[in-house]
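In what follows, chain A forms one complex with chain B and a second complex with chain C.
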Partner chain A sequence: MIRIYRQLFTAQFQAAAQYRIQFLLWMLFSVIRPTIFMAAWVAVAAAQGGSVGGYSVADFAGYYIVMTLVGHLTAAWNSFEFEFEIRQGRLSPKLLRPLHPLHYAIVENQVFKFSTLPPLAIVLAILALTFQVHFATEWWHVVLFVPAIVLAWALSFMLGWVVATAAFWLQRVQTVNTLLQRTSFIFAGQIAPIALMPAALQAICYALPFYYILGVPTEILRGGVSFERAVALIVGQAIWLGVCWAAFLVAWRRGLRQFSAVGA
Partner chain B sequence: MNDPVVRVRDLRKVYRVNERQTGFGATVTSLFRRKFKEVPAVGGITFDIAPGEIVGFLGPNGAGKTTTLKMLSGLLYPTSGEAIVNGDIPWRRRDEFLKTITLLMGNRSQLVWDIPAADSFLVLKEIYTIPDAQYGATLDELTALLELEPLLHKPVRGLSLGERMKVEFAAGLLHSPRIAFLDEPTLGLDVSMQARIRAFVAEYNRRSGATILLTSHYMDDVVALCRRVIVIHHGVLLYDGALADLAERMAPYKRISVTLTTASSARDLSSYGEVASRDEYHATLHVPRREAPERTARLVRELGDGLADISVEDPPIEEVIDKVFTSERPLEAVPA
Partner chain C sequence: MIRYLRMFRMFALSELQFELEYRLNFIFVLLEMVLVVGTSVGAVLIMFAHTTNLNGWTLPQMLVLIGVFYLIQGGNALLFEPSFQRLMEHVRLGTLDYHLLKPVNTQFIVSVRHMRVVRIPDVLLGFIVMGVGLAQLGARVGPLDALLFALALLCGLALVYSLLLVLVTLSFWFVRVENLLTIFWAFTDAGRFPVDLYPGWLRFTLSTVVPIGIAVTAPSQAIASKIGPVEVALLAAGTVVAFTVASAFWRLGLRNYTGASA
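Our next item is the complex of A and B:
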């Protein structure tokens, strides 16, 4: 499997190299939204005497800079791609090879991240210097961030695939996608750190998967969460990943029975 | 027949499609109540294919050919019926099974467009776990047969349709499948490229002993490659047997074309055979196969200097197949 991945990575990287400007633009677009929220909260905190709900100007900056990095590392777009793969008949050749289509998507996902992480790091470093960020990160936050970000990526990826499989039944999965994105926007901790939200909203955040994708790794790497809370949040990620994996297996098996391979 | 590599029993596929009515009212209603219609694509077909055979799978558009190929390659689940391909149930799609087949579609690409084919081949080598030595030998052989050398290192998107089809063939055959399902492999290619692909398929079958199930609308493909044909129409098997026999039964005549030296449309040729077409200088006659030599000799003798040219040929296979389609009733099978 390692050999397959190595070869797939090389091929996808070669293909991606031809779209480097497009990749760079996508990366920059992904920075815009958190930067706007960061600027807004920094302004609010400054206007209220330097802090809101225990978050100082530098804390907000730290939170959103880490969130930008987490957002980049956990991004998954299979739910958009898959519908086109089915419609244009690109899924069929993959189904006829002795390799699950998930693997192609994993590699494609990693190629994008691998090729855009260096320029993103530069952008984030500039933002960090501009806003004079503050992190409360201990060494064990960094250690726990590793499983947290891996689980967050896997969860984001598998959630994307669960939605993607809807394309076996629905003609337009984009609507489901949009709904998911809007929900994630509210409940993942993008508008504000969830500690600043009303208790009822916080409960919803904990119950949905989105916070475990973006909010959890962000809070852990930024520091300021206790060890116990960090571990509990990672367990929450693992549970959601298990749920999504099971849902994917069921949906995939049933979807393939439904698959009509039109135009393929 | 040897133990079949493809065994199909009463295979059926019914598609469930959303039926949309026209008009505003019907559209509004469809928002709340969707109507579905069952469309039978393959209506219970049965056949066997022996190892090493090249079988032509014929039928007009929408006959169920591609649906059958998709079921036999494992892409589609059937609605009912059985199929065993290479000893396995195709739609289980086990890795061991997938390594023994290939499905090549003339209108579809399985290569990454932005990179050279050689790089896609390396990915396939790993996916199919092809040993280095076997990979080298197979690639060399395919490169020679298909004259791929100048094409391997160009990005696929820069290749012409014919060139792309050649590298698609190589990609599909790198893992030396024991069965190749070819769906319209010469679609859109010019005459010379069609001939080269045909020659390649024949040679590949001879060298590797692979079984080939081929659909094509170009009868030249079928005549050149397939001794046996399976004809389906509206998902029903109409004929399974020798192509030559089909021609003899559906069109039991030879075609004699004559060209006259002088305009003589008045001349009666009906005593030589059934006049299928006629103008001042040309005529086409249909004569019973057995009597063709004698009638031809008589024509030459009796028309004498009035005859500029004469040719005797079998009726075009398109005409034969068309007769099977239009009859729409199953013909008794004759072994190929």
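Our next item is the complex of A and C:
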């Protein structure tokens, strides 16, 4: 398996080298959105005399800079592409290969991240300097961040695939995607650290998977949670990952059974 | 002028006919847009649960700003974007010849020939959100403010149009202009908050190179009496300059166009 993956990575890196500029452009998207909300919250905090609900200007900056990194590392886009693959008949040849399509997607996903991480790090460092960020990170925060980010990525990736499989039955997965994106926009901690949301919305945040993808690794790395809380949140991530994995297995098997390629 | 308006109506009707084949699609797009606009407003409401002003902007003023944002973005997606997309295709394939042969202003026809009628809900939702904000501002909106607002809004649309025209004109020389457009879209997102919120470099970008920030903020400032006739006059002058330069650049590009078989 390791040998297979090494080959896949080499091939994918070569393929990706053709699209260097595009990669940088997509990166731009992942930086601008958090910067916008950072600027807005910094303004709110400034209007309230420097801090809102325990978050100072420097905390907001730290929160959103870490979130940009987390958002980048956990990004998954298969739910957008899968529909096209089905419609254009590109799925069928992939199914004939001995390797599950999932593996190709994993490698493609990772290669994009490896190749864009250095420029992203530079941009984030500049942002961090402009806003004079503050982190309360202890050493164990960094240690816990490792499983948290891996789980977050796996969860995001599998959730994306569950949605992608909807294309076996639905013609407009795009609408489902918009629905998911906007729900995530509200409940993942993107528009605000969830501690600042009304209690009812906070409860929804904890119940849905989105907070475990973006908010949890962010709060852990910036040092915003206690040790016990961090562990509890990581358990939450694992539970949601299990649910998504199970849902994917069922949906994939059922979907394939009734899938007939376009034109077949 | 009347002739151009009549032509514009005909373009709209033909696109509408085409789009009516996909009526269900309309409903889905509407649903998505309600969701997008709803969550944007929700985000701002959460912020205003913690403060009464955002860098000097009150909640009703922010609602107006969000409305204007979707108005400009929607207007752009409805009108210019689809036409310009086709234009780039025409340049690449050499089929721009057909447009050049028509006895009308070429800039007019490449700018508004195609519409994406499904984006009308964007504009409508923008109006609704803006209307809610205006209703809350209530009596404080005088006739002068309203006039300045309308003028600034027109300028905003014209500024965005001018930038897009320059970008697509580049396709006469370069084949891959899409990348530049991607940068434009990435920055568009930042228009949903007033530009005065952003750090210097971003504010500068949004007021000059990618004028979406000023296009959205200026009308909202006008309605909130944050800027007066002088500023709007300056904005109008700037817009005229931008439009003239963009049109001149377009004609320069056109002269560079050699057609399909040449």
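Following the convention adopted for this analysis, the second predicted complex is superposed on the first by the 262 of 264 C-alpha atoms of A that agree within 3 Å, B and C clash if a C-alpha of one lies under 4 Å from a C-alpha of the other, contacts with A are read in each partner's own complex, and residues count from 1 in each chain.
Everything below uses one rule, namely that a residue touches a chain if its C-beta (ideal position, glycine included) is under 8 Å from a C-beta of that chain, and two chains touch if they have at least 3 such contacts.
Remember, predicted model here, so these are calculated numbers, not experimental data.
Here chain B and chain C are compared by how many residues of chain A each touches, and C touches more. Contact with neither chain B nor chain C is seen for A:118 once the two complexes are overlaid on the shared chain. By the touch criterion defined above, A:7 lies against chain B but remains apart from chain C after alignment on the C-alpha atoms of chain A. By the touch criterion defined above, A:15 reaches chain B but does not reach chain C.
Once the two complexes are overlaid on the shared chain, A:260 sits against chain B while remaining clear of chain C.
Look at A:97: by the touch rule set out above, it reaches chain B but stays clear of chain C. Looking at the shared chain after the overlay, A:49 reaches neither chain B nor chain C. No residue of chain A touches both chain B in one complex and chain C in the other. Chain C meets chain A in the complex at residues 28, 31-32, 35-36, 38-39, 42-43, 46-47, 49-55, 179, 182-183, 186-187, 189-190, 192-193, 197-199, 202.
Interface residues of chain A facing chain C in the complex, by the touch rule stated above, are 21-22, 25, 28-29, 32-33, 35-37, 39-41, 43-44, 46-48, 52-53, 130-131, 172, 174-175, 178-179, 182, 185-186, 191-192, 196-198, 201. Partner chain B is touched in their complex by these residues of chain A: 3-4, 6-8, 10-12, 14-15, 18-19, 89, 92-93, 95-99, 256-257, 259-261, 264. Of all the residues in chain B, the ones that touch chain A in their complex are 15, 70, 73-77, 93, 95-96, 98-99, 101-103, 105, 108, 110, 112-115, 119-120, 122-128.
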